[in-house]
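Every chain is named by a letter (A, B, C and D) in the order it is written, and numbering of its residues begins at 1.
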Amino acid sequence: MVYFNCDYTEGCHPKILERLSETNMLQTAGYGEDEICASARAKIRAACGREDVDVHFLVGGTQANATVIAAALRPHQGALCAATGHINVHETGAVEATGHKALPLPATADGKICAAQVEAAYEAHVNDASFEHMVQPKLVYISQPTENGGLYSKAELTALHTVCARCGLYLFVDGARLGYGLAAPENDVSLGDLCALADVFYIGGTKVGALFGEAVVIVNPELKVDFRYHIKQRGGMLAKGRLLGIQFDVLFTDGLYFAISRKAVAQARRIADACRAAGCTFFAESPTNQQFPIFPDKALEKLAGKYVWSHWARVDATHSAIRLCTSWATTDENVDALCADIADALR
Amino acid sequence: MVYFNCDYTEGCHPKILERLSETNMLQTAGYGEDEICASARAKIRAACGREDVDVHFLVGGTQANATVIAAALRPHQGALCAATGHINVHETGAVEATGHKALPLPATADGKICAAQVEAAYEAHVNDASFEHMVQPKLVYISQPTENGGLYSKAELTALHTVCARCGLYLFVDGARLGYGLAAPENDVSLGDLCALADVFYIGGTKVGALFGEAVVIVNPELKVDFRYHIKQRGGMLAKGRLLGIQFDVLFTDGLYFAISRKAVAQARRIADACRAAGCTFFAESPTNQQFPIFPDKALEKLAGKYVWSHWARVDATHSAIRLCTSWATTDENVDALCADIADALR
Amino acid sequence: MVYFNCDYTEGCHPKILERLSETNMLQTAGYGEDEICASARAKIRAACGREDVDVHFLVGGTQANATVIAAALRPHQGALCAATGHINVHETGAVEATGHKALPLPATADGKICAAQVEAAYEAHVNDASFEHMVQPKLVYISQPTENGGLYSKAELTALHTVCARCGLYLFVDGARLGYGLAAPENDVSLGDLCALADVFYIGGTKVGALFGEAVVIVNPELKVDFRYHIKQRGGMLAKGRLLGIQFDVLFTDGLYFAISRKAVAQARRIADACRAAGCTFFAESPTNQQFPIFPDKALEKLAGKYVWSHWARVDATHSAIRLCTSWATTDENVDALCADIADALR
Amino acid sequence: MVYFNCDYTEGCHPKILERLSETNMLQTAGYGEDEICASARAKIRAACGREDVDVHFLVGGTQANATVIAAALRPHQGALCAATGHINVHETGAVEATGHKALPLPATADGKICAAQVEAAYEAHVNDASFEHMVQPKLVYISQPTENGGLYSKAELTALHTVCARCGLYLFVDGARLGYGLAAPENDVSLGDLCALADVFYIGGTKVGALFGEAVVIVNPELKVDFRYHIKQRGGMLAKGRLLGIQFDVLFTDGLYFAISRKAVAQARRIADACRAAGCTFFAESPTNQQFPIFPDKALEKLAGKYVWSHWARVDATHSAIRLCTSWATTDENVDALCADIADALR
């Protein structure tokens, strides 16, 4: 079986394993205060073109989301997000477990929300006579790219930034798959843009070449204060913090993070093209490593013996939307085979 | 100005004030362990026809909701509710502040959800491959009557009960306005039925004759364990707990709770009839003390100098839905005047 | 049986009942936004000699403590307090339930902590290499008078204030029995001093003449922001908020709060004198309405048929410390009788 | 500089790196549901001699502690622990952040609490008239070995187990350094004994050969229910869960976990012997990989250029207690050198 169901089926980029081996018997300080973490932080700052941002390494996305949101909000405040946002649907209520309500807004098919929605939600709150009886919106959570493969343009992010600034809201960008977003040909948002437009965001490692790990970049000085306490409290401070430093140091050396992301996106586009050529339509358009083609169930039956994908949605009595993912680890051979088999299955 | 905007604009039924005065210098045990609370509990048990239920007195509805839900759920569990449910919209995230997610379901115009929705939500959860990544539904929260004046029939409650029992869910009924629901001519649900169909519910005092206070009735033995600890932890255990006992003892003596509720509902129906006679339609049908007529804005301008109501929703460019409430304290004179003025305003 | 076990065995001062009756059918706005609450706030500001403080009315002490502390702290911060402090021992973990650790310091016999202890705890934290692995002290919680009858002098409070200011800590004074502290002959701390020295404190009503209620006075502007949201979230916002306003308005009219407190303290001192005259020593010295004499168990046996007190501590095989409380409601007759019976029992 | 300051200064046992490399491009299911995790679980069950225990892999100790405790307790319940216990002092209030109070008991110099203390705390609670105003003890948290190098004997654990069973308390054993405890010559407690005596415990990987990871073993069926939801909610469910499986699979193959622990303990004992021979006394006796000798400050000055240790406590004006740790990674050469230099420094 070949797995295209998600982007975390393999281990890590071989260069990370190499570096783990090279550094294995080195004695370092614990809890991320070692020189390798310092090097990784410096490289991420350089990639952002910003010396003033704080960089912290956390273990995973759910943890990063809950830690950032709990650190940013007071008890009566909540996080505006897409109804399909990861914090709203797939984190077992991790944000609520820190006491904060996710405030869902209707999302587009590709998982986005827009500045006008945020502004309307904010205005509805402050203009409601019962405003003190309602959770106060204070942070906007978006994913770039989204859980459904959507990509915010620079114009869209700028509009969100402008509304957030006007309304006193923090903008937090979940970048669990950020590499694949940055690498999309349609993308016009750089790391530097994210620093300019978001208050805090993270650069996903788990799905983009690392064994695990997310690099949280804090731009807004208010959110920098005491952040390491929060990491520790939420169980995210590894004793051997260097593990995270090593991984991001490798990924941000010689542009590896970007190179492997570009390759994965190109492969995903090849698969999408094969689907399109075979007559598929798409559940949501995605310029990233995730593709959501709609297949006749009969075609899926033919493919089922050889490939694994994620079921996404039932479209009608005879058609299903599925998710096919590539990653830094996807081989050309497997993509070739899948494209050919898709053509066959739909013939 | 005459207030019809809500059902908590006056103090309490005069008999409660009398009893407060009579008992004022009596020395009693604290924290609800006095003989007056015991008497009130006994009367509520008698009204329910159930000797086996536990009765606790809490200060208010938000507190009762958060205390019951936090006591009932484990950290990964959430509360299914109407999207318009009080816990979802008007408690400043009090339930989330205890760590639990409200899981909203689309509600009818009159604020109800149905057994089929609950079952579907439960099935969707258990059949999702990522179920452990999602909040587990464990409790169903409904209001009787609802925030929008809707009333569950015995058949509807029975259906909810049946689904909850099959799915291992607790059924929790917020009865902040329960008296007005019980008093509705259309109502076919008794306190005894609530004991049979719900795991826990409360009998609202704040809006039905008391200065404040809600009587939580726990039927399910699992939910009875250590409940007083939870009351204390959530700030609901009054040192002079007898205040709550006194109020419910008076309300449940000689059927006062029911009598004053019936009166209020009759008055609300008179107002509704006046609206209907004057040509109004209704935003939501309500058999209770809350009425939601739709008025031309011009008619509201005429009424505005004399009456206060709650704005409920803008219906179109020239019409608004408003909420008019009666309560145990509403006078016949004020209702007469309002009915006449409505007829005038719409002539 | 005559109860001297606590200061909440009766209802409320008769003038409060009168005012409740007079205002009962008045229609007012809800949630503390009525004109009676406004009047009560103005009177408390006047008593404090400070127009710039915010005044909020909460239902009880546990709720006031948890609400203030949760509003003031970020998730990684905790509250330094006496090991015997109410939040540490008698609130069922209400503060921890909001996510914050109580950081207990050893207390004196009469329940006090001192500035040097606070400073040492702060210094120990910031100088510990593992400081980020420990809860950050951010607030100092003291009770005035303490749970054990102790009273902070102005010099002691000033020292605490100075340390808190230097270390960036909030000083929060639980005044559940504040009236009895202000009324102690030894007291040299005024409401104005509390405004100058504390960031936030509350004036207890439940134990000092009211049916229930605590008036939270917020001095520090940082702590004022959005406080009403927190009250709502923690279940402390009464629909009929005027109940609290009425009570504090009466208590702060013509110095009633102070007059009834003085009377109660004088009665307590009479009891203490009777104990001392009969040969008792004291578990802790208290200038307030609580007295902690040590009795031979045999003497207690003689008193047991007629009086109720609180057992405080076993002192040795044949002696126990007990708590005797007076309140605004204690009658001279009962005090006379108790004093005589103490003399008899110890003869 | 040679680091003896803690047991997490290096990476992982080389066999783990080998296995990570071998399996790197293998495609597996996510979230710990892969075959390598299954194999690791089976090996741990075998090492425990118990087929009926549940085994879960978490990322770190703080996370494991908070996840287990939050899953086990209801909101009003707390965790009895040594005052020096990791949850009480070095986890930034992670347990309180889940809403639960740590209930500290005075510990011995080597960090232990005893059955009599637990029983006394339990009895004090249930016999206190205000029991509902206090956090209910429901779980006992101990560390084996303790943070201070102490080791519970089988008799001591059995006594704790007996008291817990009698009082309805869960016994939870933090085994962050469990390998080094099991390997101590004085130890008479096996993994099988832990299964018989504890309700839940964990086998530490981070400090015993792994890059990171703790294997939580749940014995009590009540605690097994839905545990994976809790792991997800607390941010502990790695997408590439196999990383944890791989590490524990290697550690529990051919007794590697035990072999490397024995070596580390033997080295620690060589260091302790050198200290003793040179005239040192000890702050706490420890049979494990942590040693707490007391040195003259002058001797420490001589060692400071070459070695790193943890400062533990100031003993008097001229002496300090330090912590020296060995681990699976400590080399004989470094131990030889340290022993010689200690002899020199104290000559």
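Definition applied: a residue touches a chain if its C-beta (ideal position, glycine included) is under 8 Å from a C-beta of that chain, and two chains touch if they have at least 3 such contacts.
Here the structure is a predicted model, which means the values were calculated and not measured.
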item: Chains touching both chain B and chain C; value: A, D
item: Between A-C and A-D, the pair with more C-beta contacts; value: A-D
item: Centroid spacing, where centroids are CA-atom means, of chain C and chain D in whole angstrom; value: 42
item: Centroid spacing, where centroids are CA-atom means, of chain A and chain D in whole angstrom; value: 34
item: Centre-of-Cα separation between chain C and chain A, whole angstrom; value: 50
item: Chain D: positions in contact with at least two other chains; value: 75-76, 91-93, 97-99, 132-133, 229, 232-233, 237
item: Chain A-facing residues of chain B, complex; value: 75-76, 78, 89-93, 96-102, 129-130, 132-135, 311
item: Residues of chain A defined as touching chain D within the complex; value: 1-3, 6, 8-12, 14, 17, 20-21, 23-30, 59-63, 66-67, 91-94, 97-98, 206-207, 211-212, 229, 232-240, 242-243, 329
item: Parts of chain B lying in touch with chain D, wherever the complex brings them together; value: 31, 70-71, 74-76, 98-99, 132-133, 136, 226, 228-230, 232-233, 237
